[in-house]
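Each of the two complexes below includes chain A, the first together with chain B, the second together with chain C.
Our next item is the complex of A and B:
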């Protein structure tokens, strides 16, 4: 018992001794969590080290001050720019090992990347910041045999903070143990397809080989209708030449488990007569979206064209007015449902999309609307898609060296008089 | 008696202070012995806690701090599971001592290997009913130059 106490007292003494060294460790970069906090730390360092004559006038600042550290790992030099902070440890005392362990305690383990040299890189990314550690071996062999002279270079960049819900969808996405992702796979030779799922037309004359189905599933029972046609009718049976009939086979798979849910073996298209297929399958999604399920039947809606124009006008005006809240309101339900149906909790998905919307807002100075268009009714009239006839798309955005266009599936919630973007 | 109770309390207190002083990753607890993998082993469970990447159904681990094969550091390991069985491909740190150690160990466990010497490489193969182990080294005039890989195939 006495021995145990002696060891514990000694270890606590060591802790106190290292705490004492913290007193000289005045500038802790691990506590900095934003660009403004970085600036505050720089100001403190300049104020407390007037004799060092630090040049703070240029766009970057180089510091070699005593007392700089990252969670008690001494930092030999710091390069701070408007975009990033680069911290380099000294080539003593296993600093690379210590810095890696401190970062792993803070952020968790992550995959390593081998760079072209013998160095090893780690990266931790979250909503607030990206930290990249480069481990440089001097006398160490590898991560399991660090040398005392191996050093680390830590690059920290802070991400912009967005408060708009459309940029933070991941925080609302529910996580489930089983999260199927249904895909339709087609293997084909000289065939094209018209495909609809649950009475929503998702492709026409396509020769693509895979389709995401989750976005068009609103309940456990689904039906896929497919028409297979010959792609190139000039390929004909001729004497002394190889010929085979156009053909295709189909699989519905759950991409999360790679399990085949439904399979149709090879079918041939004879004499160019299109083949029609109907496939029923049961999905077991842990989340079914509202989507257009509470939508009104629009088939007899008299002012539907005006409503379509009104919606795209609203979107065009929101873009020209840089109205971020209006963009959020127009796209949130669609983007949320799509990300939830992909069971995607990565913070970058919605952030990247939001930054694309911001780029659109920044660049667009004009929009053009299609006024003449055909309306296609899907899902028993609850969902519509429009085909512009007088323009190349429904909404065309123009900017300097830039153009973009929009066309979406629309529905009208029951009790509302306005259309909404849903896919 | 009273003194002993106080000692116990003090010990507990000191123990708690030392334990909660600094939360760290349990590196030792994460070390995985690749030789323990059998055909039944669930790979993700076996390597729980160790970061991995997955591409085309192949799982890859590359953090040498956590990978051992009979005590030898493994640089990278790729694991492929198919209907035929499991294929475990290991790369080492190209040390002649690693190669010697593994050749000795495998010979001790499975007897003398089949040796296939070619112009610039040598293959050593050990086979049992349930697995095969193929060790490949590059050679120059029959002398070791590089430790290429060790492939363990586990059969159903």
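Our next item is the complex of A and C:
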């Protein structure tokens, strides 16, 4: 009861706003480009509107000051929170249409996002900010009759700015006219596959039907080796029952053009005898990663096990120490090559990934390493992968009700004595 | 920390809504005692930071009360039901309490109590109609150490929404509570209007002073008990909906606006505080006591209550309802601690301003960990906060941080720890955080208070409080309910049987379908028909119907066995329900 009274009075209090300022275009939200600039604008508004009693300490400020505008489009109300700014246009004279014109002049044309209601939405995204304009049709009309009476709600979100290279990979990704993305497609019945490309084993006993190949391509000619096996051997030929031999067909396609690069028509697995295939294909790319090409042959390397442990220990320690630079150094080459091989220039990809690393740093308070593991040699001994035997993965991260794990392809650049993460 | 703003608000509520006993200074004293032990500096800071907000509030209220008199068009009038005593819910209300539980928390050497539910299905007590009041009075508190307290506990609040202060920090096992429902059997009605402005009643006088539009002002001698209900009527005698009211000891003409006066007074206090005029909090309290009681609205000199009412309509007459005869019905129930103290040596975490203090069950501090805060008990000696899990190491009197994936406490005292990942096997430990038991379980399941460990090969073991494991042969699945000392289980052929809480297969695997027991019976499907059986598997009744509906219940939440889409139904005792 006591609490209810307090809340009631406070809510009455917060709705108590009087308006008495001079109406000139004083506060331009279009000039604001970051959260800190938003705070500066709020400070200016507070100083110039002392009678308004604006609570600057609140994390949820609602303003109805005269003189607010977005590049001369009058703004009726502004809701400013720690996470976003929501501007609503004046419903009487100035419209969403005008705001859309201003935004398209500033940010370029954009497609509208269809929504289920009568309202429509536009969105602009870049590294610094995301702007979303929602147009509310006053008379329930539609875009074709978009007029001056319709009002708009512009939500502006400022993105965190990261300086770490790992969060900005898109700026380094080279753009090419032709950017093939090679995919292996398998259609199969009652079959599983062991697959390697360019002597890198990418799957064992898998029944998946699609594999991205670009990450394992280092030159214009590639080879896929594939062993097809029966998945369920209990399915047998018996009198009066339908039976089909296990079978499969294969396509390698360039997903950017949907062109078929290589095709193998249906093959049956007879009497459960595995079928081995070797497929050479033209894997031309405008960019070839260094990847493990300058790696040392690790097959006779001494202390290889210790080197694997040393690498994962380094990673585990970097995570516990919240060492962002060390995380960057450990993952940059891998993440860059993978994003480049996907020819992905979207700023969000690396940022999302970096924020995933930050989540790991935030949540982890312990790491555990596998001590007992098998080493698999790929690419003529230049690339290794390890299979933990005493743990579920090579590196296990633990936090409160949180876990994650790491296991990567590793190589050792010639002239170095340390392993590096490469895929 | 409670802000002064809150105290001011509470005081305003008292002053404006509850001014029925002008000479009684209880509310004032309560307000003053809220300041007990509060450092003067803190009060000063709060007054300074909040008086501005209070000013805006005053400005707001100023406008809202004064100009309320208006004319309301006929078509905009709103009506309410004529007053009548509604006792329909009384019987139900008296029987609503089953398995009442409360949660007890501790801070600064005090207990906070919150009641959780009136029964297994309802969180809050049943609302009763007009003319009915309900009162909860605690009668006996049973502390865990054996003390039973009956004195000075009537005032302890019983609240299903908020924590209430329940005295010293000491573990409570249960509380006996009396629940009283008072309802009016007979009442007097007094009607006043401009045609009949003065009525003598019970040695006093009721006067209709003024009516204007939606507003009416009348007075009562303060020797007359407060009416239980006041209703305003329009010209045609329809009961108007009320939009607001105020009751005062002084007449409206003499009233200085309450908020303005209060504000003026608090500004004076603010100045005095800032000038360091008070040497300590008691001196401030003394000043408040002397001066607040001199403010007009704490005093009534004319022996008359002044009542102003506002309605959604044009008010012509007023009916006052006075209590004449009442009836009281009473019941009592016992409320139990939701997390009872189990072991006598268990310590309870209590937050103080600067530390976590672990107290024993009689409230004595045993281990103090400075700087720690926000701990919640998981079970026994295991705790968690937002970021970590902890074990209270009693031997070394410290809190050990457990860097593990999760900690789960079971009711038999065993604690299951997943050391690294969700997919790990459980490490079982005792209350000293020492590993116990010899098997690895990928899953630990608690049914009632029976603990099962399940190994990777899907074998079920029953685990005692030392994690000694007994294999339950043939069990492939254990269901989720322990009732009548029976747990439903099934084997690899999905045939259902029942074990008891010791793990013995009491009723063998033979049913295709079954339900958990309730009230000593249940229904099972065997040889293509359903049968009622008792807890030993003895068939009580063989029935022909099919299609058991598992979800039917009667109004007392007792099971109904419904077959063939409701064509045939049996009650929870297995008796045929005749439609």
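One rule holds in what follows: the second predicted complex is superposed on the first by the 392 of 423 C-alpha atoms of A that agree within 3 Å, B and C clash if a C-alpha of one lies under 4 Å from a C-alpha of the other, contacts with A are read in each partner's own complex, and residues count from 1 in each chain.
Assume a residue touches a chain if its C-beta (ideal position, glycine included) is under 8 Å from a C-beta of that chain, and two chains touch if they have at least 3 such contacts.
Model, not experiment: these values are computed from the prediction.
Of the two partner chains placed by superposition, A:301 touches none, neither chain B nor chain C.
Contacts of A:109 after superposition on the shared chain: chain B is touched, whereas chain C is not. In the superposition on chain A, A:405 makes contact with chain C only, not with chain B. By the touch criterion defined above, A:249 lies against neither chain B nor chain C after alignment on the C-alpha atoms of chain A.
Shared-chain residue A:144: touches chain B; no touch with chain C.
With both structures placed on the common chain, the touch criterion links A:396 to chain C but leaves chain B unconnected. Counting contacts as defined above, chain A residues 1, 5, 9, 12 meet chain B in one complex and chain C in the other. By the touch rule above, chain A contacts chain C in their complex via residues 1-3, 5-6, 9, 12-13, 16, 53, 365-366, 368, 391-392, 396, 398-403, 405. In the complex of the two chains, the chain A residues touching chain B come out as 1, 4-5, 8-9, 11-12, 15, 101, 104-105, 109-112, 114, 141-145, 258. Across the complex, chain A is touched by residues 5-6, 9-10, 13, 52-53, 56-57, 59-60, 161-162, 384, 386-389, 403-406, 419-423 of chain C.
Here chain B touches chain A in the complex through residues 7-8, 10-11, 14-15, 17-18, 21-25, 27, 30, 49-53, 57, 62-65, 73, 75, 93, going by the rule given at the top.
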